[in-house]
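Common to both upcoming complexes is chain A, partnered first by chain B, then by chain C.
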Partner chain A sequence: MKLIKEPGSARSGFRDWYLQRLSAVVLAVLLPLSFVVLILVYTGHLDQFGLLDIVDNFVSRLLHTILIIALIVHAYMGLKVMIEDYVPVIGWRVSLIGGMLVLMSGFGIWWLAIIWAWGG
Partner chain B sequence: MVDVIRLSVFRYDPETGSKPSMQSYEVPFLRPGMKLLDALNYIKWELDGTLTYRRSCAEGVCGSDGLNINGVNGLACITPIAGLKQPVHVRPLPGMHVIRDLVVDMDHFFDQYRQIQPWMKATTPLPEHERLQSPEDRAALDGQYECILCGCCTTACPSWWWNGDRFLGPAALLQANRWIVDSRDEAMGERLDQLEDAFRLYRCHQIMNCMEACPKELNPTAAIDNIKRKILARKS
Partner chain C sequence: MNDPGRLTRRSLSPRLSVYRWQPAMIASLAHRVSGLILVLFVPLYLWILHGMTGSTDDFERMQQWLHSGLGRLSLWFVGVALFYHFCNGLRFLSIDAGWCESRMMMRLSARVVIAMAGVAALLLAVLLLG
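And then the complex of A and B:
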């Protein structure tokens, strides 16, 4: 019989799997709303002042914040899985995931800063 | 009805050092209901004795003759030759080390099976006769216990091709679920502990090739989902 010498379970994976699905549900609810606003603008039902009223509104900012966080979490989890799938070298894998985390976090902070600084 | 079956069979002989190649054969249509294994046997016994492949029961029970047939994994002994596009391309199971011709190295596959500890674990005292099960509890094993470990599902899984060293694969996970849903087994928590891993379990991306490939029409994807739901339930 061949000797099995393997490291066993890392007790990981559940959180990523759960967050990916949770963020997908949030995106499914909130992402269409942003497209509704976009369509209203393009069809002329919403002018610049009307759009600014929506963007300025506290509830809109809150929803926008949740949307951005969900978007970044979902994208990060999805791309992390792809990197783990296709990049077999551990050094490259960790570096790429780390670099992606820094870039996405920076992008999220920048976007949130714009949302909350607007008009204030 | 065709009189002659044209086959293109994968050949590899490590002793000659030559590269793998596809070899063409023509086999007479022997009888209605003829299976691919009958054609391979004809080649072996009548045309070319050097062709090497695994076979045993010839009725879809032992799981020895798992092959890649026209790009789809299946058992040669239960695949009717009549429905196959010709020439029939016969290759070894994908993602496996080829030992010779259609014979692949199954060591790693069975190592992974062993890792899920496929036996009943119970600490309660053994009853006088046997551990009983209600008909409902027994019915929960349907769709789980029938797996013959042919490897068709695992070797059809792209996640296993990419990370087969760590991802246990559909066959081993289906078997893990077989013990998790068994009412007589008392080690569900321990089994879930051993499976909860980003690679061992969560590498399944629900591609569902396993379900398509399974010659016993089992659904390893559903079994893997059940394991994930069990882990979700104990964490929520």
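And then the complex of A and C:
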């Protein structure tokens, strides 16, 4: 059994699994709302000022923040599992997961900065 | 780490070359593929957000690009991937919760989810081309 205890083993498996599901439930509620907003902007039913009215308040910002955090957790857990499954070389695996973590954090910080600065 | 070569140099799941293709396996793989597509389009989401939050010119530029051929194609890809990932995600959650866990139900629900995604892909194409 000693063989199994290497990076990517099942030590933190349940926590990862649980976070994946928890974030999925949050996303299942919040993500369709954002997609509907995007479609409304696309079809022209919502112009930039209408968009501002929806997003420029505390509750929207809070929901948006929760959405981004859940999105990053969910995408991180999902891609991590894929990398662990299909990238057999440990060095590559660790670099890819690390690089992904850095990119996703950067993306999240950028996104949240835009959200909280918007409208002022 | 006694024998890392033998232990680690293989993919773990789903092992594409080993199993016979089944609806449930296709649904699981498509969940991964659609998730990957959704992640790869992240720069686009940031650009759209930039267009929405920027000046009126930024907003106009974003709108024009969204209505171009490439923009519509991107929206179609993201929309279909999101719809499939959403439906199959609910399917996974229900299986985890213990509903529809039997082999037959899992195969049936996989077929239903894939068919729904096919219909959604057609509808979204009609919507975006119209």
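The working rule: the second predicted complex is superposed on the first by the 105 of 120 C-alpha atoms of A that agree within 3 Å, B and C clash if a C-alpha of one lies under 4 Å from a C-alpha of the other, contacts with A are read in each partner's own complex, and residues count from 1 in each chain.
As a working rule, a contact is a pair of C-beta atoms (placed from the backbone, for glycine too) under 8 Å apart; a residue touches a chain by one contact, two chains touch by 3 or more.
As the structure is a prediction and not an experimental result, all values here were calculated from the model.
Colleague: Report for A:Ile54: first if it touches chain B alone, second if chain C alone, otherwise both or neither.
Modeller: In the superposition, A:Ile54 contacts neither chain B nor chain C.
Colleague: Could you look at A:Ile66 and tell me whether it touches chain B, chain C, both or neither (first, second, both, neither)?
Modeller: neither
Colleague: Of the two partner chains, chain B (first) and chain C (second), which one does A:Asp85 touch, if any: first, second, both, or neither?
Modeller: In the superposition, A:Asp85 contacts both chain B and chain C.
Colleague: Report the partner of chain A that touches more of its residues: chain B or chain C.
Modeller: C
Colleague: By the touch definition at the top of the document, which applies to A:Tyr42: first (chain B), second (chain C), both, or neither?
Modeller: second
Colleague: Answer with first, second, both or neither: which of chain B and chain C does A:Ala75 touch in the superposed model?
Modeller: Only chain C is touched by A:Ala75; chain B is not.
Colleague: Applying the document's definition of touch, where does A:Gly13 land relative to chain B and chain C: first, second, both, or neither?
Modeller: So A:Gly13 only meets chain B here.
Colleague: Residues of chain A that sit at the chain B interface in one complex and at the chain C interface in the other, please.
Modeller: Residues 2, 4, 6, 84-86, 88 of chain A touch both chain B and chain C.
Colleague: Please give the residue numbers of chain C that touch chain A in the complex, ascending.
Modeller: So the residues of chain C touching chain A come out as 1-4, 7-13, 32, 35-36, 38-39, 42, 46, 48-50, 52-53, 56, 59, 63, 66-67, 75, 79, 82, 86, 89-90, 92-93, 96.
Colleague: Given the complex with chain A, which residues does chain B contribute to the contact?
Modeller: It is residues 107, 111, 114-115, 159, 162-163, 193-203, 205, 228, 231-232, 235 of chain B that touch chain A.
Colleague: Hey, which residues of chain A end up touching chain C in the complex?
Modeller: Result: residues 2-4, 6, 21, 24-25, 27-28, 31-32, 35, 38, 41-42, 44, 48, 51, 75, 78-79, 82, 84-86, 88-90, 107, 110-111, 114, 118 of chain A touch chain C.
Colleague: In the complex of these two chains, what residues of chain A are touching chain B?
Modeller: Listed in rising order, the residues are 2, 4, 6, 8-14, 16-18, 81, 84-86, 88.
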